[in-house]
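Listed after this line are the structures, all set down as structure tokens.
After this come two complexes, each holding chain A, first together with chain B and then together with chain C.
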Partner chain A sequence: MKYFAKKLIGLFATLLAVSFLVFLAFAVIPGDPATAMLGTQATPERIEALREEMGLNEPLLVRYAAWVADFVRGDFGISYSYRIPVTNMIVDKLPVTLTLMALSFLLIVFVSIPLGITCARYRGGVLDHCIVAANQVVMAIPAFFSGILITLVFGLLLHLFTPGGYVSYQKDWGRFLGYMLFPSIAVALPKIAMTTKLLRASVLSETRLDYVRTAYSRGNGTRAVLYRHVLKNALIPVVTFLGMALADMVAGSIIVEQVFNIPGLGRILLTSISNRDYPVVQAIIVCIAFLVLTINFLVDLVYQMVDPRITIE
Partner chain B sequence: MKKKRNLKYRIGMILTGITVLFVLLGFVWTPCDPETMDKGAKLAGVSLSHLMGCDQFGRDIFSRVLKGSGTTLLVALGTVSFGTFFGVLIGAFTGYFGGIVDEIFMRVNDVLFAFPSILLGLMFISLLGSGKYNVIIALGIAFIPSFARIVRSEFIRCKNMDYVQSARLAGARDLRIIFLHILPNTTTVLVSSIMIGFNNAVLAEAGMSYLGIGVQPPDASLGRMLSEAQTYLFSSPGYAIFPGLALILMVLGFSLLSEGLKED
Partner chain C sequence: MKAKVRNRVLLALVCTALTIALGACAGDKASENTSVISIGIPQDIEDSLDPHKAVAAGTKEILFNLYEGLVKPDSDGNLNDALAAAHTVSEDGKVYTFTLRDGVKFHDGSLVTAEDVKYSLDRCADTSSGDALVPAFSAVESVTILDDKTVALTLKEPDKDFLAYMDVAIIPASNEDPEGNPIGTGPYRFVSRSPQENFILEKFDDYWGTPAYIDRIELKIIANADSIVTSLNGGSIDMFARVSQAMTQQLSDDFEVLEGTMNLVQAMYLNHAVEPFDDVRVRQALSYTVDPQEIMDLISDGRGTQLGSSMFPAFGKYYMEELNDLYPTDLDKARELLAEAGYPDGFSFTLTVPSNYQQHIDTAQVVAEQLKRIGVTADIQLVEWESWVSDVYAGRQFEATVVGLDASSLTAPALLDRFRTDAGKNFINYSSQAYDEAYAKAQASTKEEEKTAYYKECERILAEEAANVYIQDLPCFVALNKKYTGYEFYPLYVQDFSKLRPVEE
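Right after this comes the complex of A and B.
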């Protein structure tokens, strides 16, 4: 419990630091938000009035405090280019990106665990060699290129889905998930390869240990030993890896969303970057960082539940 | 004595060799001018005069792949050099001297570490604007934390070792100890992280150019070609497949090479 509290405080401190760094980065850039909103044609008086209204004349720390206070209340400011609250812009996009990540995560878990164990079980065999070689190649394929290949093969040649035919989850959950399955394969593929590779190595090093021999001597079959005894221990490094991979998957999702024409967080982030719509960029980046940090925090907790031997200070 | 290298290393060496050869070739010679548009050859298929076909403006894809690989390689090299240079400086000084500055730097580092590097790159791009050199700076900054962290832990491990103590007794100054005594001993670790960083940089650059906020025309870029090719995916799949293959060749070769080196 003490550990939990300590971790939680650490999480909040990091969250605060992240938000401050992002705020700082966007505060020091040249270019005045008020001018950006009104255009260069505006009179100096109008710009000055807007600066006053937006609180831009306050000192940096005061502005930061105000921003954090708004942020906690769920008010992320007003978009420069659309003139609507940022919160409204991102709140219904968040489930899209989260679904993409959750589906990819499920794929990773359900594909790479059997694959990794199969490899380790038949190590040195033809199947093992094939999977290892395929892994090596798949790891080198960028997610957006596998996305393009998936569009070509499953979409255009096999007609399993309509490329660009995204269906909003507000309209039809079933078809939404059906469409999201394909981008999530693209996001998951490189991570499946890495996880399989890691799990194979981890299972192989476990099988040399005494408890495995004991399990065999008690009359267990190979399958039972691998899935009931070895897997639990072999998963520990994999859990760590998956925690770190999640951060990468957020980035992967942003790109893959573009490949499949999905209006998620990535889409708004990109449009806002090209429009120099800083409040939106700022809000999305902080949101993603929060997401990643929170997930890492949860992974740490899960980690300790999976393996009671681990106690960190 | 020259020992026989493992299979991964050899395949990696061959693939990387092919990539480097093609990139060098692309700098001095391309079969067609990569910018010349030929109205008659719009989206032409694979032929002897156009080994990989033509794009929607009738430009030769093979020439553009050569040029694009060059851009990608240069950006990746620039990014990794930038990240390594500042990462080593920060890591070396904080690791060696420790204290409050170290504490602050490492906290900041931990925070930056929470961001996916491409996201950090995106944030800096939105601040700096796009283009080849800004991509190098943006991704370079995003890569500093990982290098700084590795170098720092190496310095902490080494700073109280016997050879450092002896150097200190012999009257060597801190700067001399840092750069001439400890730094050479971190090369093994540094080289392997540079190689991993290089691959990440290639992928990040391609991703950013694909999104349209990385390298800008007239610089040819593999990522950008892929995003343009997507529109014509059904009618001319080769337009997307060839630049993609070039990208895979580069990443695969380098990752095999670095894994092969580690296993030796």
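Right after this comes the complex of A and C.
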């Protein structure tokens, strides 16, 4: 219980710090939303009037305090550019980014764990060498580039999907998932390579331990030993890495959303930054920070599940 | 054993998921049904859906389909009566009287009344936020309702050209949220939007004029220029209004490429308040050096229209082609002028360019190369559009910039007004007594020919004083799927979706 209270306080403190930093960043970088909105019609009087209307002439700390007060009450404000509540925008777009992350994560887990174990099992063999070599290459390709390659191969050559033909999940879940599969491959590829490599090394170091010999002596086959005994122990470093990878994927998906023309959180975040649409940027950044913190927390829980000897305090 | 079963179940689940996903991989083909068209647009409508507050050209060109004014421009540049059935202009050019058309309905089903018209026009002239909401309306003295069907607008000063501004949108006085709930009288009505994703319009069934052909328009936001061609070829959009020359070559046979002009004045705009651009000889030297033809050849395969002043050919009666020959490329002459001005070894300056306009970046790069020939160094600095607006345009903190300026209405002042010494939009700090006088005379004149002559005089002064290094009116390519036809180019920056129609088979 104490642990949860501590975690919760930490969570709020971090979110506060993050949101304040965003506020500060906008105070430092040039440009303001009023000029962004008025464009070439911007005259000093009109900018002034609009700034007054939007409450931008208040001191930074006053604005920040007002924002926190509203945020705590669940009011994320109204987008300057779209004149719709930020909450609606996020609720609308969050499933897109979450789906992208979830699909990529599933791909990572279901591809890299069998791959890693297979490599370890046939270490030194042709298959192992091939996978290790391929891993090195894939690891070095950033997601946006593999995204372009995937578009080219699966989209334009094989016609498995229509490039840029994103379908909203509100319209058709099946086609939405069909489209999202390809960007999630782009996001997952480098992480699959890293996880495979890590798991292979981890399994190899585990197999030298005594309990493995004991497991064999009890009559288990190689397969059973690897999957039922070794994997559990070998997973600890992999879980840590997956947690980090998941947090990293939040950032990676922002770029991949651009490549695949997906209107998710990342896209909204980018345009809102260039429009200086403060309420939207604030809310999305806090949302992302919250996601990352939650993932870290979940990783802690998973540790305990994988190895009950670990207790979290 | 238990683990094995679990694994099998998991495997089965994954396989099913993948099958569903791959099976659904047909993607979102733009509908086979030609009563729907998907059109790509490069940016979302982010400034405002309120027709009187919208400023971005990319917003206005879409709103053109939702809103209409008392008069409406057509693709030949004529102003036709729209919500007005007829109009008269008083002898002295001060009073404009409009007779309203019968039975015109707003998208919410209510009839357009004289009150709505007065409300809309008064709103444009509203000065509560400093300037008039629509700048040209600062010239309006009063709007009066003469009877149910007649509205009169009185100007402070006579202006025979004011009709061109009467295309401002008429909106219902009862709408409390014009930004969130756009209601107009246009051939299309707003249905829904999803930020950074789409903007959906539907044909307005009670439209007073020639109805639109296509029932539903889905505007898809394609912010990443690299995916425009793949989206077109892949079939997720049927049309994209401004594609580059390079993109047109990658399009499949399903598309027709229509060519028009962008209707803007692309130039290297110089800040006359900073040295050495305050010296006319320096500006002329730059004009003798920059070769528009070479720029066009390098960037767009020679397409484009050379310009010599702040006017483009779509304005037939004001455009002066002869000004293009004022500064033939002549490097010796340019070096001579520079030496006279005290810069025999050239100089260097910062050339600020908005990073979101590839065509201006390309031009700036060629210009910088050309200027090297006379020893002048231009350091290109790319800035976000937002900073360009606040620093260069509103703040006037720059040395030189390459952009294109468009005309917001079909009048000469739309392009020429900004060069008056004390014009608020005079971001290049241009100041010429001769220009101010000629411009004032043009404004005061009530005779059509005399007026035109004075505006031409203004253009000549801009060219002779090399106010800016004029380059070109950019070519504009529209990619349209061959299933559709009817696209029309306008002399203004608008897209008219109501003319698009499916090809009869």
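We adopt the following convention: the second predicted complex is superposed on the first by the 242 of 313 C-alpha atoms of A that agree within 3 Å, B and C clash if a C-alpha of one lies under 4 Å from a C-alpha of the other, contacts with A are read in each partner's own complex, and residues count from 1 in each chain.
In the analysis below, a residue touches a chain if its C-beta (ideal position, glycine included) is under 8 Å from a C-beta of that chain, and two chains touch if they have at least 3 such contacts.
Model, not experiment: these values are computed from the prediction.
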Partner chain in contact with A:181 - chain B first, chain C second, else both or neither: second
Partner chain(s) touched by A:296 [first = chain B, second = chain C, both, neither]: first
Which of chain B and chain C A:48 touches, first, second, both or neither: second
First, second, both or neither for A:58, with chain B first and chain C second: neither
Touched partner set for A:22, first chain B, second chain C, both or neither: first
Chain A residues touched by each partner, larger count belonging to chain B or chain C: C
Which superposed partner A:259 touches (first chain B, second chain C, both, neither): both
Contacts of A:128 with chain B and chain C, given as first, second, both or neither: neither
Partner chain(s) touched by A:267 [first = chain B, second = chain C, both, neither]: second
Touched partner set for A:227, first chain B, second chain C, both or neither: second
Chain B and chain C footprints on chain A, overlapping residues: 151, 156, 163, 258-259, 274, 276
Of all residues in chain B, those that touch chain A in their complex: 107-108, 110-112, 114-119, 122-127, 203, 206-207, 210-213, 223, 226-227, 229-230, 233-234, 237, 240-241, 244, 247-248, 251-252, 255-256
In the complex, chain A residues that touch chain C: 30-32, 35-50, 79, 81-84, 89, 92-93, 106, 110, 151, 155-156, 160-168, 172, 174-175, 177-179, 181, 227-228, 258-261, 263, 267-268, 271, 274-276
Footprint of chain A on chain C - complex, ascending: 3, 14, 17-18, 20-29, 44, 46-49, 55-56, 128-131, 135, 179-180, 193-197, 221-224, 227, 230-231, 233-237, 384-387, 389-391, 393-394, 424-425
Touching residues (chain side chain A, partner chain B) in the complex: 14, 17-18, 21-22, 25-26, 29, 136-137, 139-145, 148-149, 151-152, 156, 163, 247-248, 250-251, 254-255, 258-259, 269-270, 272-274, 276, 278, 281, 285, 288-289, 292-293, 296
